[in-house]
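What follows is a pair of complexes built around subunit A, which joins subunit B in one and subunit C in the other.
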Partner chain A sequence: MFSESGILHEIWSNGKARFGMIVFIIFAIIGIFGHFIYPYSPKATFVIWQPPTFAHVFGTDYEGHDVLSQFLYGTGVSLYVGASVALISVAIGTMVGMLSGYYGGIVDNIFMRFVDILLIMPTFPLLVILAAYLPPTNNTTILILSLLSWPFMSRVIRSQVLTLKERPFIKAAVISGMKGFTIIRKEILDHLMPLIIINAVYLLVGAIVAQAGLAFFGLGDLTSINWGTMLYYAQSEDAIVYAAWWWILPPGIAIAIIGIGANIFGNGITEIFGKRSGGA
Partner chain B sequence: MTVEAVDTNTYELNDDRSIVVIDKATVIFKSGHVRNYALDSVSLKIRRGEAVGIVGESGSGKTTLGLAVLKILRLNAGRIFFDGMDISRLRSKKLALFRSKTQMIFQDPYSSLNPYNTIFESVATPVFSNISRLESELQRKVTKREIRSMVSETLEKVGLSPGSAFLDVYPRKLSGGQRQRVAVARALIMHPKLVVADEPTSMLDVSITAQVANLLKSLQKEMDFSLMYISHELSTSRYISNRIAVMCLGRVVELGTSEDITKSPMHPYTDILIRSMPEVSSSGINDSIAKIDFNAYNGGIKGCVFAHSCPRKTEICTSEKPLLQEMGNDHEVACFHPIIA
Partner chain C sequence: MITRRYLMVRSAYAVATTFVAIIINFLLPRIIPGNPAVTILLTNFHYLPPGKVKLLEQEFGLTNSSMLYQFERYLVELFHGNLGISYYYYPETVSQVIGTHLPWTLFLLGTSISLSSVLGVITGRMLGFRAGSKTESATSTIFIGLTSLPFFWFAIILILLFAVEVPLFPVGGVFYILDTPGLNFKYISSIAYHAALPILTIVATTFPAFALTMRNTMANQNKEDYILMAKAKGLPERIISKKYAGRNAVLPVATHIILAFGYIVAGAFFVEVVFSYKGIGYVLYEAVTTKDYPLIDGIFLMITVTVIIANFLADLLYAVLDPRVELR
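Entry: the complex of A and B
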């Protein structure tokens, strides 16, 4: 579908994209394995407010939970929320964007007026209100975040499709008798891949941060252990007053690193595909 | 010499000799409240197996005419018939049949091939799009292997041999000339009845221009399709086409055999167009080419489109619209004061 060497090979040979990939792979490994392998049960309690020791590498929190265990366990939950939101938003956003852009006319009007309604609503307050009224589970959080993320994605995809469909090779496909859906799938989708990949990565990170943000306000599932709830409890139980840096840093730095990783990855992907279409 | 206007009532729409009959085709592009007539009541016939050159400057509407014939653009007025069918009425099955019989070769071989598709995928597009009809004609399944050999044969026909070596290559590995050959192969693989070539050589080097022009000419004879050769350049157009239609600001101003148009043009615009062509042998370029005032062209010109810079202009030229008139030997000209040698 892409080239002789494949898209993964190309990502790997670009320094920036490779860095981003490595960051994601490391977090994915922590997320997948950390969910099952951790030194202590994340709910087990020990001596409270304990700074890092050999027994508790990241120390313990206000109830004496082992922070490392919580972090390992919670990474998976945060990534699960992020990846689910990215997947749902990309799927809906790409579909709506492609149909809207390619067919135009009434299809475009209906979709885009609906998107307008979703886009003009102030996202975070709406998020807070929805989260406050819906049952507080992680899946609710995923649903709310997806609902509010796909409209922007569909706009980005639509505008790209609008310029793509004027290109001669699309006209050539129409003249050759290719049907609309086949044109979208065979002639247009490949060109959208960089946008889709970059947006998926940003959506993933955005969802992790948004979930942490919600949790920070005490919304969402506070019994779930993830980066967001870790920070929420650290804040509400005055970790700063106790100078418990070991409790705040792991989730905080993790969010920062994955954010930086996503940005650098995005830049790398832009470079790869810029080079590709430039040489086209 | 008696001069009689083409009577629109006797303009035969179901002409068996013609593959395409264009009847007063009008396309208007609106920008704000300005109406630009990209095509202003153009009537033209393309006969079966004939190559017609459409010549004109940028903005003369020649590409618009090509796109309209292929039902890529909608007409604002007038009709176009393909094989006796009004193309604006074609739907589903008949439209698919029409699409299988018409093809286009684009100006820019760099953007007319999808960079993400292999040469095989690009050239086989018309085959895959018409696979069900092809299978019902042959009354059997068509395998991918067969399509591959079909594509490779067609590639060899357009001078890319061995064809099999090009199948799985991406367009970025090919030169401009090779890409244009691929585009020609894609256009011809289903044996179309009509091919619209929109300045297929204008973006190629001079030596490659000749190759591609020769290729088109020989394939047109061999495969017997009608060719609409759109170009701003008279020399290649004359070489390829049997007849030439000269367009100016959305109208056909002169129509005749390639010989007549280039040797004895009757419309002053054609005359100036020919004289302004740079010749390698001469020391300078005659830049007395018509200065066309596009601003004057808003809402349709009342008189002749060329009136304001015409050396033979008289009062009638700005007040009345000249119609194409038969001048003998298939030569038609839309001028009140044609040059008669």
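Entry: the complex of A and C
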């Protein structure tokens, strides 16, 4: 009933969701092609602390790097971290949530007690201590953020599966002799799609902000160029004192735009999804 | 209503989570490859100062090889409030460092959360009552934008605008170095002056989320029968909004604020870093950049336990506030 392309079509027909999609597509294009279109190498140096000029549209930083090139290059890295975290946590969270919700019993108990503890634990201090001890690479950051993101996802999926389980079409599938895994794969997963998409988007943005935050705190791979490290060096090299707004604005505004895009996209999806469950 | 079973389950979770935090705190320094004493000395001093390795090994309780024995020693020290000695603030202990800086963070957090929740409730109520109007949807969109801004970036922009471009406020710090601490007007006003921008940052980035929650519940309340009844009775809108719908919509906002507590603490830490405001967040940043592991560990444990306890208490408080809530 709700095939993959059907969902995409439905999302596109909602104004808010379409706006969000367009924001993501633009950033994805910058992220993927940024590596080929930056005007200079992100590591090349020029005159330091230059305000924007025609040669350097976003100016230069404390070591004379071209800020536009750094931004174009860094977008890819930031999106890579965000997308990886979203993918891993959605995969684990959906799997655990579906198994827990559908089968209940001992499986559910073990998973959910573990999830409960991870949810009670405040995230930020845990992030800091893990990042402080583990080797500072982007992959470590991805690992830590995924570890802390999937529990919430599994909770959301689980409670949705619990209500789906009571719906007539699942009962019918059970009575007609369908196997548990087949029901999960064919019937339940299809109906979870809107919820999965919306959470994937929030996870993506959350991970981008969290990575930027960790980098800003001096954690993670500080040699990697991304939105977070750009802001870290802006702070630690006193961009404020030099009033170098051209260096501070691009990564922050990018984070804000992608955040707004995700929120509006989320509202759009809720509109579509809410209408559907109301009519069902 | 809080049943006894609920109370027991919740406290069991709080205790279990605290225990997990303690285990993480114990294990992390011990599972990084190599001798942590050597690793830490090398990253700090780039050579091995004679005698220091032994000293640090003792500090970590690594001299006896049995993990269980080490864990026992660790727990005994922990319950005596001994979190070890800071490298960076040497010879101060971790507990002393936390003790001197914690009050500033509490001051910052307490003021910001109070202001932000009051502001959130008031603006949310206004938005909720005008739900659907042009002004409302424009304001809500701006609020969504504000919630999407990273705390630290917003802080940097505020400094740039109001401390560098238009020097109204100090660029950072807690008070002027020349001020004499005490109950004198100059000192207190200096503290307020230095805290103004950090507090403004936290309030501006947190209240929109509270306002949006308030708006949503208010909009739902407006569809309820008792509101229709109040309108039919001819009660003025101001009273309906404040005393009827508003009163009922406040509770979800209270939950939201409670759930956001850990998030706000983290946010305040970032703001402290940007403003060089010497609270716990700034100290944690220093500890991270100087690889002061005992201090990182101590702050991790302190914050984790505080947030767990705060959430637990808030959970109970919620049931007391709303008698209809039955917590089993």
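Details
Convention: the second predicted complex is superposed on the first by the 276 of 280 C-alpha atoms of A that agree within 3 Å, B and C clash if a C-alpha of one lies under 4 Å from a C-alpha of the other, contacts with A are read in each partner's own complex, and residues count from 1 in each chain.
What we mean here is this: contacts are C-beta pairs under 8 Å (C-beta built on N, C-alpha and C of every residue); 3 or more make two chains touch, one makes a residue touch a chain.
Keep in mind that what you see is a predicted model, and the values were worked out from it rather than measured.
With both complexes brought onto subunit A, simultaneous placement of subunit B and subunit C is permitted, the two fitting side by side without a clash. Of the two partners subunit B and subunit C, more residues of subunit A are touched by C. In the overlay built on the shared chain, the residue A:K186 is in contact with subunit B alone; subunit C does not reach it. In the superposed model, A:I110 makes contact with neither subunit B nor subunit C. By the touch criterion defined above, A:R167 lies against subunit B but remains apart from subunit C after alignment on the C-alpha atoms of chain A.
Once the two complexes are overlaid on the shared chain, A:I22 sits clear of subunit B and of subunit C alike.
Using the contact criterion defined above for the overlaid structures, shared-chain residue A:I175 touches subunit B, although it does not reach subunit C.
In the superposition on chain A, contact of A:I37 is made with neither subunit B nor subunit C.
Contacts of A:I120 after superposition on the shared chain: subunit C is touched, whereas subunit B is not. With chain A as the common frame, subunit A serves as the apex of an angle whose CA-centre rays point to subunit B and subunit C; its value is 100 degrees, to a multiple of 10. In the superposition on chain A, contact of A:G252 is made with subunit C only, not with subunit B. Least inter-chain distance for subunit B and subunit C in the combined superposition, rounded to the nearest angstrom, is 11, based on C-alpha atoms. In the complex of the two chains, the subunit B residues touching subunit A come out as 70, 72, 96, 99-100, 102-104, 106-108, 110-117, 121-122, 125-126, 128-130, 170-172, 183, 186.
By the touch criterion stated above, subunit C contacts subunit A in their complex at residues 13-14, 16-17, 20-21, 24-25, 28-29, 32, 141, 144-145, 147-150, 152-154, 156-157, 159-160, 163-165, 171, 262-263, 265-266, 269-270, 273-274, 284-285, 288-289, 291, 293, 296-297, 299-300, 303-304, 307-308, 311. Looking at the complex, you find that subunit A touches subunit B at residues 1-4, 167-169, 171-179, 182, 186-187, 190-191, 276-277, 279-280. Residue ranges of subunit A in contact with subunit C, taken from their complex: 116-117, 120-126, 128-130, 132-133, 205, 209, 212-213, 216-219, 231, 234-235, 239-241, 243, 245, 248, 251-252, 255-256, 259-260, 262-264.
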